[in-house]
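Please go over the structures that come below.
Paired with chain B in one complex and with chain C in the other, chain A is shared by the two complexes that follow.
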Partner chain A sequence: MEKIKENISHHRKSVFAGRGMPASTGEKCMSIFAYTVMGLFSLIAILPCLHVISKAISNGPDVTAGNIYFWPVGFQLETVFYVLTKTAFPTALKNSLIVTGFGTVISMITTITTAYPLSKPEFKGRKVITLLYVISMVFFGGMIPAYMVVRSLGLLDTYAACILPFAIVQFNMFIVKNYFESLPESIEESARVDGAGDLRILVSIVCPMSKPVIATVSLLYAINYWNNYFHAMMYTKSPNMNTLQVYLYNIISNSQDFVENLASGNFMINITSEGMVAAAVTLSLIPMIILYPFVSKFMIQGITIGSVKG
Partner chain B sequence: MKALAKPSAAVSGKTGWKYKVRSFFLYVKRHPAMYLMLVPGLFFMIIYKFVPLYGILIAFKDYNIFLGNNPIDAIAQSDWVGLKHFHRLFSSSQFMKVLSNTLIINGLKIVWLFPIPIICAILLNEIRKVTFRKFAQTAIYMPYFFSWVVIFGIFYSLFGSYGTVNTVITALGGSRIGFFTDTKVFRSVLVFTEGWKEIGYNTVIYLAAITGIDMTLYEAARVDGAGKLRQIWHITMPGLLPTIVLMLILKVGHILETGFEQVLVFYNPGVYDVADIIQTYVYRLGMGQMDFPLSTALGLFNSVVAFILIVGANAVSRKLLGRSIW
Partner chain C sequence: MKKMKRRCSILLVLAMLAMCIYACGSKPESNNTDASSPATEKTEGTEKEAENTAPEEGETEKADVPALKGPGNVTLKRLGYNVAWDPTTDIMVDILKESTGYDMEYFILPAENADEKLVMEVSGGADYDIIQCSPNQFQTLMGQGALIPLNDLLEAYGPNILAGVSEESWRACSDEDGNIYGIPYKYPYAQEIASFMACRWDMMQEAGIEAMPTTIDEFYDCLVTLKDYYGDEYIIFSGPYRAPSEGNGTWIFPKVIASAFGIYNDWMVDENGKVYYMTEADGFADMVKFLTKCSNEGLLDPDWAVNTSTTVCEKFAGGKAIIAQMNRNGLGTTVPAMLETLNIDYDDLNYVNALKGPDGTCKYMRTEAINFVTVILRGSENAADAVNWIDLKQQNQLFLNIGVEGTHFNYDENDGSIVPINPIFSDERGNSYWYLDSTNEEEFATQWPARIRKSQAQWEGFEATTLYANEHMPEIFVDNDFAFKPATENYSKYNTALFSSMNDYILQIMAGTKTLDDLAAFQSDWAAAGGEDVREELQAWYSSFYN
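Right after this comes the complex of A and B.
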């Protein structure tokens, strides 16, 4: 019995040796390779973040001595509190929140109200208006002409300068428009029969049906406003109008603000200029990290929605 | 639409444009809200997208910002000089340098970084442990949401002259590497950080394409005794090919436009020789040296060539893949 079994199993093995066996060793190699490479990539992605967070909460002397790698040495939150209370960080944070908050709301209203008429095949003038948006997407006046417009309108150094020029991103508008086009017409039709106007239909029927695309595009806008460095830097000059990105750039490239702060007498052992830069960077990452699960979920949806039309 | 509209026009006995105008006004009367809705978008688009197109005239004039009531009015008031600024631009040595820097930096990025997300997507797809796959995907996708300033802050802390990496190098007896100041290394820093930020995002795009591949193909291949590598080569790769081609076309089409904010944040006068790209030079010419016409001329040159590249890329995409980029 035993022998027969062995024989059979041996037999099976030999049968599979020709076709199955190479596959299974190949599969194993492949799997090991996949785990190793992706593990390595994950580490490369995570370690720099860990480094800067560690630097923000490690003991001051160790930060100065360069002892911080990818894990905190000691623990203190003095630096973080110092940055939050004694520097221009809160002002910059406030500016960024204002620009991102108002900007996203304005952008979404503009985007939805533009996308809706353009999504209706029977809308008269649809081709002309769509063409205008495509033209504005392809032709770009350039940096200096755009600056001259903002300057002529007297918007330099205002929140409006960081919001209005980017109020409608054509690509996002087209994503929303494509989504509206995919919605079934019948529900809107029945509301129309009941006497609801176009705006009414948009607000109480189309928008609730479009939650996924509205969430995705809102996040696209919010990330755009939050991360925007160049335009904020170009259109605002006074320090109290700096957004977070502008402020971070200034302290990273020359920690003047912090050095002055430190020189002004309130010396504390844990507070180092390097540690403070790291703390400011870490603090600015927090909203992103909190929002990340939603962001990544919706962004993946967004990629799929966006790629429906290509 | 046309096919529908024409017979009805014939039936009602009205001729072409009269019928069109009448039905247009009828529609406007019935749906005034639809047109009111367009107002905010058109308002922003005209002011911030079309008025700057008028500003392109700055490149053909001896622009004096203080003429007239405001900088836009000053454009009309300034004198025409024809192509003078373009002659200045094309005869300057800076022009060739920033053009070649732009092509080299973005070319290096394509050569080194383009294949990585494809490999990552294939490898992630091979990983059976869901928790690990989710973890890896999350980890590599995250930096995409960081701004260039934040990434600069993180990498400056690691690779700065007195950063962690140099501390280790000197501790091991080596000499410091000026990652941000050495002209030989700086482009590698740009390529590496670009990869750090963008690989995850592109991986997700390819992953989405992989999930669209018919699973029964793999089963059939397995039954036929095809190993993992063969399955990848004969099923996954052909399935991914349209996406790969599209992404490559897009990358090449945008070769003059990408990387501006990254370079602006990362570079410094010490590495202008290897890092100064067209748009950073446009910025410094305009906002630094206040040479608005020359800056606008360079910007216009960039826009026109970029436009040709993108339209060309679109034509290639249509021909190869049968679909338009936009």
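Right after this comes the complex of A and C.
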């Protein structure tokens, strides 16, 4: 197996890096073509971001006049400071971080503790329980019953309302379950011989061995919580419970509300409706941009795990 | 063993299905109970309270009117429409607390799916005391029987509200038996030129134009003069000023142009009380011909079909367009930017008012309409205090919405109008509009312009169009025949699509892919697409409301 891997690795190096002998003209052309196409594709993703960031920090009058394309015209940070200090951005960010942080932890606990017993063939009734998860994955009761459940549990307008209804996503649970099933049974058996109980085996043996899938699924959960707009909007009603996505939607829909007062007597000319939206969007990107380098490899793993096991 | 498992599985699945059917089944009686039982309980409770509490002097003695708990004894919950700022932290929260004495909690509806969320919350037993809703939401809640009739409460605790709201506004929020189900907030300025055209007067003068056009012919001449002088260097006339979202019912032709052709609304009523659609108006064909002529001669923005308010603002603010369709908000956005970047001042700007037709007539619709309705749910345990809070606010209308003389505003020495003092006015009363429920309509009509005056850019446009029209040509304003119309089924279902199809038809004529000869075919399609159903509905409402 190791030899095969080495061969593949060596083959890749000779083709793409040309180590040891010069790359052929065809390979060079192919590389240039691939880089160009991929470069163009990445521009499709980068240019809108550049446009938004440029708007956030450009002079207000130029933003209004539509002079901003992909590079700032002038420079100001008044809009960014205004969004940070005079709007509910910090509260919304705090709410999103709380929901994402606690939500991911709770989801991982529920997912792992559900997936582990379901991965054991000797667990009686596992097929029925698995079937129940499959049914609930395919059929959804609908928004109104879900709302009624959240309301009757007294969760409305709390962080729990944004977390508990999504504490377990069946698809993620099946990914973890399948991963657990692929682990060698002999390691667990040896641990059991050494006197370890189920919980000990799960925490000390299975989880450390399942780091890749745990990291990937955590990431999937985190993205789910971070991006969740609809349920956060439905289950909360106090302005100070708005998550970042709800806040952004409000700002995009009603940014004129702020500018109406600011424009009076030409105060703070740099703060414009579009500039505010751009600044809010730019600021909301920052946590993800900071986090991404640390989790990008898990995202790629996630795609692989999902494709093979899911 | 296997058989056993299979049986268990089947039983379990059947049980789940039964649960699903039970859970999804409608149970209207329980909803009704939810909605009405608190009210019943409350009435019983308050009857007992009323027996125990001797009414003070001037207080109502009616046994079925809930007793007042009073400021300090209750915290009221108020739900309002979506705003981007946080209404729980605004300075108005403290000001209202000081003014009324009541502790309040404020909530907002979402920017999206507001109607759905409101209905869901109400049917789920929401505990709000006061809900400020749109006329459509009001109709929905009233239709569900979720609202409490307010007549007795208003009589007991809302004398200022009763006195301040006009008869017509009350009628818009009442049922056929005269039960008032909501407190209306009427748009404060009855005759406003809400949509007009802003112009670069400096460039117009440079092209040799000496006076602002007041008729449709003068306007056309003005466009031609500008085109001759500037050629393709500038966009001569940019528009339409429509919201970016689809199907929002905004016009693709300027209202101040339509006014010259006798068109002021999509649905109008003739002298005999007959409801007719814009495409059936005498001036419709002439208006479309005029726009097509302008388009063919290159006088209009080439992007006319795809422009939105944002792109029109960008073109005008960026100095690319000489004339642009605009509204007050647009001026507030564009003018400060133009003063900064184009090195012009207010004298270099001017405004085209509602234009008169070749025969000297002009029709512009009055802006009178119910904007919001404040309602109290059947479940509210604090209905009396809710009405009292609204009444207390209305008592202090000037202070709460405009501020203190000498601090937030001064009176104009010449005409006695209110001149706001910035920035304190914007800082401390800028968001007061959200906390409004009812107004003394007459007084508010004189107070409200201060809110426009806080922005010089907006005020200049308002003065040149609305105030000028009110003073010099008030005859142009015609009633909005459907200002007080509640939401109706066919109108809600079809009208937006009908309006969009008409806009598309006009754009197709302007683009040359269709002609006015297709009008008959358009009208038959339009009638089949719900046009006739809406007409019948509107006709029935109009006849019953005004006769």
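Going forward, the second predicted complex is superposed on the first by the 256 of 310 C-alpha atoms of A that agree within 3 Å, B and C clash if a C-alpha of one lies under 4 Å from a C-alpha of the other, contacts with A are read in each partner's own complex, and residues count from 1 in each chain.
What we mean here is this: contacts are C-beta pairs under 8 Å (C-beta built on N, C-alpha and C of every residue); 3 or more make two chains touch, one makes a residue touch a chain.
On a predicted model such as this, the values are computed, not experimentally measured, just so you know.
S.K.: After lining up the shared chain so the two structures overlap, which partner does A:Met108 touch, if you call chain B first and chain C second: first, second, both or neither?
M.R.: neither
S.K.: Return first, second, both or neither, reflecting whether A:Glu274 touches chain B, chain C, both chains, or no partner chain.
M.R.: Touch partners of A:Glu274: chain B and chain C.
S.K.: Could you say whether A:Ile175 touches chain B, chain C, both of them, or neither, answering first, second, both or neither?
M.R.: Touch status of A:Ile175: no partner.
S.K.: May I ask you to decide whether A:Tyr116 touches chain B, chain C, both, or neither, giving the answer as first, second, both or neither?
M.R.: first
S.K.: In the overlay, answer first, second, both or neither for which of chain B and chain C A:Glu27 touches.
M.R.: After superposition on chain A, A:Glu27 lies in contact with chain B alone.
S.K.: Looking at chain A, does chain C or chain B touch more of its residues?
M.R.: After superposing on chain A, more of chain A is contacted by B.
S.K.: Determine, under the contact definition given at the top, whether A:Ala167 touches first (chain B), second (chain C), both, or neither.
M.R.: It touches chain B, and chain C stays clear.
S.K.: Which partner does A:Ile144 contact after superposing on A: first (chain B), second (chain C), both, neither?
M.R.: After superposing on A, A:Ile144 lies in contact with both chain B and chain C.
S.K.: Thinking of the overlay built on chain A, is A:Lys237 touched by chain B (first), by chain C (second), by both, or by neither?
M.R.: second
S.K.: Does the superposition put A:Tyr249 against chain B (first), chain C (second), both, or neither?
M.R.: Both chain B and chain C are touched by A:Tyr249.
S.K.: Residue by residue on chain A, keep only those touching chain B in one complex and chain C in the other, then list them.
M.R.: 66, 132, 139, 141-145, 147-148, 151, 234, 246, 249, 252-253, 274
S.K.: What residues of chain A sit close enough to touch chain B in their complex?
M.R.: 18-20, 22-23, 26-27, 30-31, 33-35, 37-39, 41-42, 44-46, 48-49, 51-52, 55, 66, 68-69, 109-111, 113-114, 116-117, 120-125, 129, 132-134, 136-149, 151-153, 164-165, 167-168, 173-174, 197-199, 202, 223, 226-230, 234, 245-246, 248-249, 252-253, 274, 277-278, 280-281, 284-285, 288-289, 292, 295-296, 299-300, 303-304, 307, 310
S.K.: Note which residues of chain B are touching chain A in the complex, please.
M.R.: It comes out as residues 1, 23-24, 27-28, 31, 33-38, 40-42, 44-45, 47-56, 58, 65, 70-73, 75, 119-120, 123-124, 126-128, 132-133, 135-136, 138-143, 145-150, 152-158, 162-164, 167, 196, 199-200, 204-205, 208, 222, 225-229, 246, 260-261, 264-265, 268, 279, 282-283, 286-287, 292, 295-296, 299-300, 302-303, 307, 310-311, 323-326.
S.K.: What residues of chain A sit close enough to touch chain C in their complex?
M.R.: These residues of chain A touch chain C: 60-67, 87-88, 91, 127-128, 131-132, 135, 139, 141-145, 147-148, 151, 233-234, 237-240, 246, 249-267, 269, 272-274.
S.K.: If we count contacts the way the header does, which residues on chain C are in touch with chain A in the complex?
M.R.: Listed in rising order, the residues are 5, 8-9, 12-13, 16, 20, 23-24, 79, 82-89, 105-108, 110-113, 117, 120-121, 124-125, 310-311, 313-315, 317-319, 329, 332-334, 336-341, 420, 422-423, 425-427, 430-431, 454-457.
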